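Notes follow the structure.
Going by the order they are written in, the chains are A, B, C and D; count residues from 1 in each one.
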Amino acid sequence: MASYFLRRLLMAIPVMFFVALFVFLLLRLTPGDPAQAIAGDQATPAQLAAIRENLGLDKPLTSQFVAWIGAMAGGDFGHSLISQRPVLEMIGQRIGPTLALAVMAMIFTVVISLPLGVLAAWRHGGLVDRFVMALSVVGFSVPIFVIGYVLIAVFAVDLKWFPVQGYKPLSEGFGPFLHRILLPGLALSSFYIALVSRMTRASMLEVLREDYVRTARAKGLGERVVLFRHALRNAAIPILTVVGTGFAMMISGVVVTETVFNIPGLGRLVVDGVLARDYPLIQAIILLTAGTYVLINLLIDLSYALSDPRIRYQ
Amino acid sequence: ETTLNVVMQAPLRTLDPILSTAQIVRTHGFMVFETLLGMDAKYNPQPQMADYTVSADKMTYTFTLRDGLKWHDGTPVKAEDCVASIKRWAANDGAGRTMMTYVASVEATSDKQLVIKLAKPFGQVLELLAKPSPVPPFMMPKRLAETPAGQQVTEMIGSGPFKFVADQYRPGDQAVYVKNSDYNPRPEPMSWTAGGKVVNVDKVVWKAMPDMQTSINALQSGDVDLIEQVTIDLLPLLTANDEIKTGAINALGSQVTGRFNHRLPPFDNPKVRQAAMYALDQDQLMQTAIGDSQYYKLCASVYGCDVPLASDAGSEYLKGSAKERLAKAKELLKASGYDGTPVLMMQPTDLTILSTQPIVAAERLREAGFKVDVAAMDWATLQSRKNSTQPVAQGGWNMLFTYWGVSGIWNPTVHALLDGSGSDTAWSGWPRSARVEELRSAYLTAPTLDEQKKIAKEIQQIAYDEGFYFNAGEFQSVAAWRANLKNLQPGPLTLFWGVSK
Amino acid sequence: MSASSNPMQVTLPRRRLLQNPPHWTTVLAVIVLLAVVAMAVFAPLLANFEPTKLNAAMRLKPSSDTYWLGTDSFGRDLYSRVVYGARVSLLVGAGVAAGAILIGLPLGLLAGWYRGIDGVLMRMMDGLMAIPGILLAIAIVALTRGGLVTVIFAIMIPAIPQVVRLVRARVIAAREETYVDAAVLLGTPPAKLIWKHLLPTTIAPLIVQGTYMYASAILTEAALSFLGVGIGTEIPSWGNIMAEGRLYFAINHWLVFWPAIVLSLCILSINLLGDTLRDRLDPKMQGRNA
Amino acid sequence: MTEMARPTQPVLSIRDLRVATRGREPSKILKGITFDIQPGETLCLVGESGSGKSVTSLVAMGLLPRDELQATGGTVLLNGEDILTATPSRTKALRGAEMAMIFQEPMTALNPVLTIGLQMDEVYWAHTQMRPKERREAALAAFEAVHLPDPARIYESFPHQLSGGQRQRVMIAMALALKPKLLIADEPTTALDVTTQKQILSLIRELQDKQNTAVLFITHDMGVVVDVADRVCVMRRGEIVETGPVEQVLSQPQEAYTRDLLQAVPSLVPRAPRAPAQEAEAVVEIRNLEKTFSFSSLFGKLMGRDIRTVRAVNNVSFKLARGRTLGIVGESGSGKSTVARCLLRLEHPTGGEIRVNGQDIALLEGQAALAPARRRVQMVFQDPNRSLNPRLRIGESLIEGPLNLGEDRASALKRASELVEVVGLPRTSLERFPHQFSGGQRQRIAIARALMMEPEVIVADEAVSALDVSVQAQVLALLAEIQQRRNLAVLFITHDLRVAAQICDEVMVMQRGRVVEDGPASEVLARPRHDYTRALINAAPGRDWDFAAGRRIAGADA
């Protein structure tokens, strides 16, 4: 098992290499010119050429790639072409808010959608079930920005319970941090609440008919224990999967939330990076996400084994 | 401690104001750096860092740095710093490069004094050194100014009224400036970039907020004090609020331009270009993009509606009701022998201010009988595709829309779209007109304003006749701020001196 | 054992998807979906205007007799755009969901069943997931010239790993069941075993995931349109109508709400149908009238 | 036992209970059942498989699957309180403490993802004020009481790591934990060897004596009936056909059905040995088979903690010849099922050889490599419920194998419909889903599925334990007939010594993973040499009753 863990982690290296290669090529195939992003649209061709030469963009692709991979291997993620800042520093500035947002949204998702999904399946066709259906309709078809605007309009502008925008890191205290991250977390989670509660409902419906649920009831256990300990554990695998992949996707899918709530996060950095063709920055971010995904997915796989002891990995 | 929180129109991603032509970087430049000369509200160069004398033959310009100028690292400003700065600027800036072809030498004669000697007569030295348009000749310490032309200066050491706080800078998100307490403003009253830059706040924080609704919320809640540029359609949300004022603090508007690619069919045919110009309609284009007619102007002047060089030469191309113009366009198009080659119109979908015009234009061109493909793409793709001189199938283009701050087009020297050389180094579109080139040279040495006006007017007429580009009109950017801000200074761009909170 | 008509002939009923009279919600759902499809197909007949017909003087007008749902920032008729928008949106949503499932399902089944390929395949999926859709879309557009297919691909590719992971997870759990052992002993070849015994366990979660992908594809299409990838903003889609409406949300939220309402109806119907399908496929629900 | 006072209220009183399926064509499952159980009394419910015994007990517990079945009439009173109309919270309070149930199929009745310990712990947690440590001690003691080996290991195990009998004992321990007033035991000892069974039965008796517990005991094992019952109810097709004190029903059955049932009880005396087939050719030969399970918690593994091991099979060898039946009997948890699973290579053996028709398949890997050997060998799993895909109709499950062998659908279906009738199920069963059957019916389906394949070897793991004796007799006869006709070899794992005595040629006795004795059935069962075998035979229930004659065997010591 320990060796399995290690093997899986080592697999991250080839994954990251291929992702690196792929992204590198992808980026060079896309039209657009970092020099233009630096100089602005009124720049003269001569000026652009000078900038390109200075950035080494006029060198052949292979040597650019080799240089980059070489530097990476030495732990140097390089400098942003646009801002000239170390890429790691830029990511460092931005990763905190995004992580906080994603974790917050995940907490909301789990705390809200698990009970809802479980209850919906328990009283199949009942009131909660209808509510979950409505929730999923809203969650799926109303864009996050609308949910964000509405939340802000109601809770920040009208009721003044929360600030209208902005982010405070945890280092400025838990209270202020929570105060600012709550609404965005809720907005971001809307989609996932819909997804996870429906998924929970679907897999609970299957499990609730199993014999061991009947046994649990025969023992005189309360419905809460029957549902959440006996049934939910058995229904966990698809739920863990969507929660896990959902979390992974959140890290890259937070752009709109970050925009609406003005949170200086990684999502906006990625989009900025792509739009400005900031090659080293995008490459580094994607590599880091690839690594993170390998890790998250490893954790999901381990959680399968935890939730169902019959599952074995070699 | 007073802090001014500002939502700027664009995020600050690069810092070198010499290398970048972007307005946000220029605004940043004016926070940290200064120019030898400033430009006042009457478009006249005035002493800023230096007082100047011009020799009688107008061939020697002597600049004397004023006392007490210090770089932000504490070292005094020396003439040699300025010499290096001018050289680096001239290597980057188009107009600067032109100027250098007339200059014999730029030298420091003492710590306080530098001299520019001309080789040939050139009438624009002071204007160029004072220009607030891209790229202003900002002064930097020598060690920074010696950075190679294509490389960014990343250390922000200037002599301006604000100091850049490097460790609070988050590219694309936030930039922080603190008052430079060592700064000694000039005694004259402030006027644009000239005069005394008196700073009345301790700190200025620039925020990028890509969502206008969020910015408005933040302004209303007091989280920010100023939004540099508000979407005009949303102004009604703000005008109802007593605590908020709106208005134009940027004295100069921006001109929206529809550029034809003169190298590719169908717009290699001047008649087709003319037909297209008639098909397009200034009012329609501006109305869809801006909405409220209070905030845009329709004029023929290619230099901006209210600048000294403004004239109505070529206005025959813009007059008439939409219907009449369309009829004319159809007629011209028929006469031109247009063969149905589709027009590839580039649309930058991620840039709100420019994403409507291609659609409106395409619709009108189609009505006039053109075939149009609207190619949607991101701004970065558009920017690099516009440099392509290849046929459409290989990544070329036929038409695109851009906008230019009036300070970037207010005379034929700086106006990139009036380059008639047709050379690869010209700004995309590559119109060719020998006469325009002659006139542009003449403009550089024209001794009086009247003469300049005359030249400019002729250039304008040719630009219309030849279809250099379609002038879609000028819009004003509108700022919104909390009522407790006082003394916001109008300027060629947003200036943060004078204002108090 | 004569081949002639045998009174003893035994047949097994197929799964009863249609036999019982469907519940009224199911009927309603089908009607709504058919209506939306019809809306897409007959858009030219239903629309009052060309969806691209603009009128600068009529920007952002409220609903009226001429403009049933009002106009957008170009002065285009919102009603006509929503009607036409069904075309792109339905294609993108259904295309992405169907595509991702068609590709992801077999891969997930294989990865779950064959431990040998699990590692490599899943690591490929990890890598695929890491590549941002925007970047992929921009690159594909650059290579192929944009269009509907590009958009579908760009949205679908990052969605595939999600399907694969979900399916694989179910298979990993299901393969420990005794009835799978039993099938192995009956000599059921892997392909059939996967098809008959493992695939059905994945259907219920896939219905949920599919609905989700359908909806998110429609919204993502708009995001991509705004990065200039693919269909562009000239051709209406519910996604890009909403995304354009975003700028004007504070002054006219109907620009966002109308397409959202139509989309909601679709999602509701798909959900209802999904539930019916799930119930019909669940043997323990067969006795019920629902 | 019969000294109960007249006026006492019955613990459970069922009056005219009717249950039908839901749906548009409801079919009647219970057609008016009436009986009482007094405190301290044991009522045995016997009768035809599928007659509604389990459904009756589910109704009593208030656990009827509401979506599918519904009580259409009658009353069920627990200590005078109507269960059918009680509020959910009331039934919840009653369950576990007042009444407890041992479910028929222990394999599916335990939650696969929770440890045995936790599942046991919950019983105390829900109904007592004990502290965690006390609860754990109580649980271990309860495991000890049902004779589970190494209770500490069991406590930490998951259900799939236990043998069938071990799971059944866990279920029993749970049901007995709170000393309920009413105990419903639905075939509680089918997976237990007779010695363990005896201990369990005396445990229940003890509880009854101390707590005056009423017991509703459902069983097919007439021997057990003799040993435990005060009164007997005989059920058939949803009705009670006969009821009365045990001696009376067994000695003077009133109904023909009861008489048939008693006639069908196999004798403990081994049948006359069959002539060994000419130079008995071994289809399956096992040499020195070893199987060690290792397990520990996931975190334990990550931390590199010691891995615990269980030697489930230890140096087992045997030969199985064509046309012969080899019986494996022995202690529950002694590795019988593991031997079977290894033989079919559903488990990787840790050592030894497995020869099928001379080819060693012990080390083969992959479905393709094993396919030829597997085609000849079919298995009836100990766990019929889990071995049928719940999503497939019975018909589909039955024809799956033949279709794989290339038979066409129509003819396979035809054979399937004939076969279900042969095992005593209606033809319409083919259209139904597994959960719509009773335990015994599912077991017959599993047998039919194996037979459909016309294999050379059948491994039957407790294949007839859930069948009533008359159906059992039919199924065994069928098996014998096919064996005769097709020269089939049978590996028959059972706890029922009567069955073993009647059908096995050879018998192998296992204890703690080892073979302690083997030889011809007539030898081993009639003249056991090993102590364990002797103990086993002595523990056979109802040894002192002659069912055919309907009287006690004189001189037999109880």
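Note that in this section a residue touches a chain if its C-beta (ideal position, glycine included) is under 8 Å from a C-beta of that chain, and two chains touch if they have at least 3 such contacts.
Because the structure is predicted, anything quoted here is derived from the model rather than measured.
Q: Please list the single chain whose C-alpha centre lies closest to the global protein C-alpha centre.
A: Of all chains shown, the one whose C-alpha centroid lies nearest the global centroid is A.
Q: If you tally contacting C-beta pairs, which comes out ahead, A-B or A-D? Let me know.
A: A-B
Q: Just the number, please: Cα centre separation of subunit B and subunit C in whole Å.
A: From the centre of subunit B to the centre of subunit C is 47 Å.
Q: Express in whole angstrom the distance between the two chain centres, defined as the mean CA positions of subunit A and subunit B.
A: 39
Q: Can you list every residue of subunit A that touches 2 or more other chains, as numbers and ranges?
A: Where subunit A meets two or more other chains at a single residue, that happens at 30-32, 145, 149, 209, 275, 308, 310.
Q: Subunit C: which residues touch two or more other chains?
A: Residues 138, 142, 176, 227, 249-250, 284 of subunit C touch two or more partner chains.
Q: Which positions in subunit B are in touch with at least two other chains?
A: 213, 350, 377-379, 381 - these are the residues of subunit B that touch more than one other chain.
Q: Strictly by the criterion at the top, what is the full list of touching chain pairs?
A: Those chain pairs satisfying the definition are A-B, A-C, A-D, B-C, C-D.
Q: Which of the residues in subunit C come into contact with subunit A in the complex?
A: Residues of subunit C touching subunit A: 115, 119, 122-124, 126-127, 129-132, 134-136, 138-139, 142-143, 158, 161-162, 165-166, 169-170, 172-173, 176, 204-205, 207-209, 211-212, 215-216, 219, 222-223, 227, 242-243, 246, 249-250, 253, 256, 260, 263-264, 266-268, 271-272, 278, 282, 284, 290.
Q: What residues on subunit D touch subunit A, complex-wise?
A: Residues of subunit D touching subunit A: 61, 63, 65, 67, 88, 92-97, 100-101, 103, 105, 108-114, 122-123, 126-127, 158, 160-161, 171, 174, 298, 301-302, 304, 385, 435.
Q: Flag every residue of subunit A that touches subunit C in the complex, lowest number first.
A: Those in contact with subunit C are residues 8, 11, 14-16, 18-19, 22-23, 26-27, 29-32, 125, 133, 136-138, 140-143, 145-146, 149, 191, 194-195, 198-199, 202-203, 205-206, 209, 237-238, 240-242, 244-245, 248-249, 252, 255-256, 270-271, 274-275, 282, 286-287, 289-290, 292-294, 297, 300, 304, 308, 310-311, 314.
Q: Quick one: in the complex, what on subunit A touches subunit D?
A: 1-2, 5, 209-212, 214-223, 225, 229-230, 233-234, 236, 302, 305-310
Q: Quick one: in the complex, what on subunit A touches subunit B?
A: 30-33, 36-55, 80, 82-85, 90, 93-94, 145, 149, 152, 156-157, 163-166, 259-262, 264, 268-269, 272, 275-277
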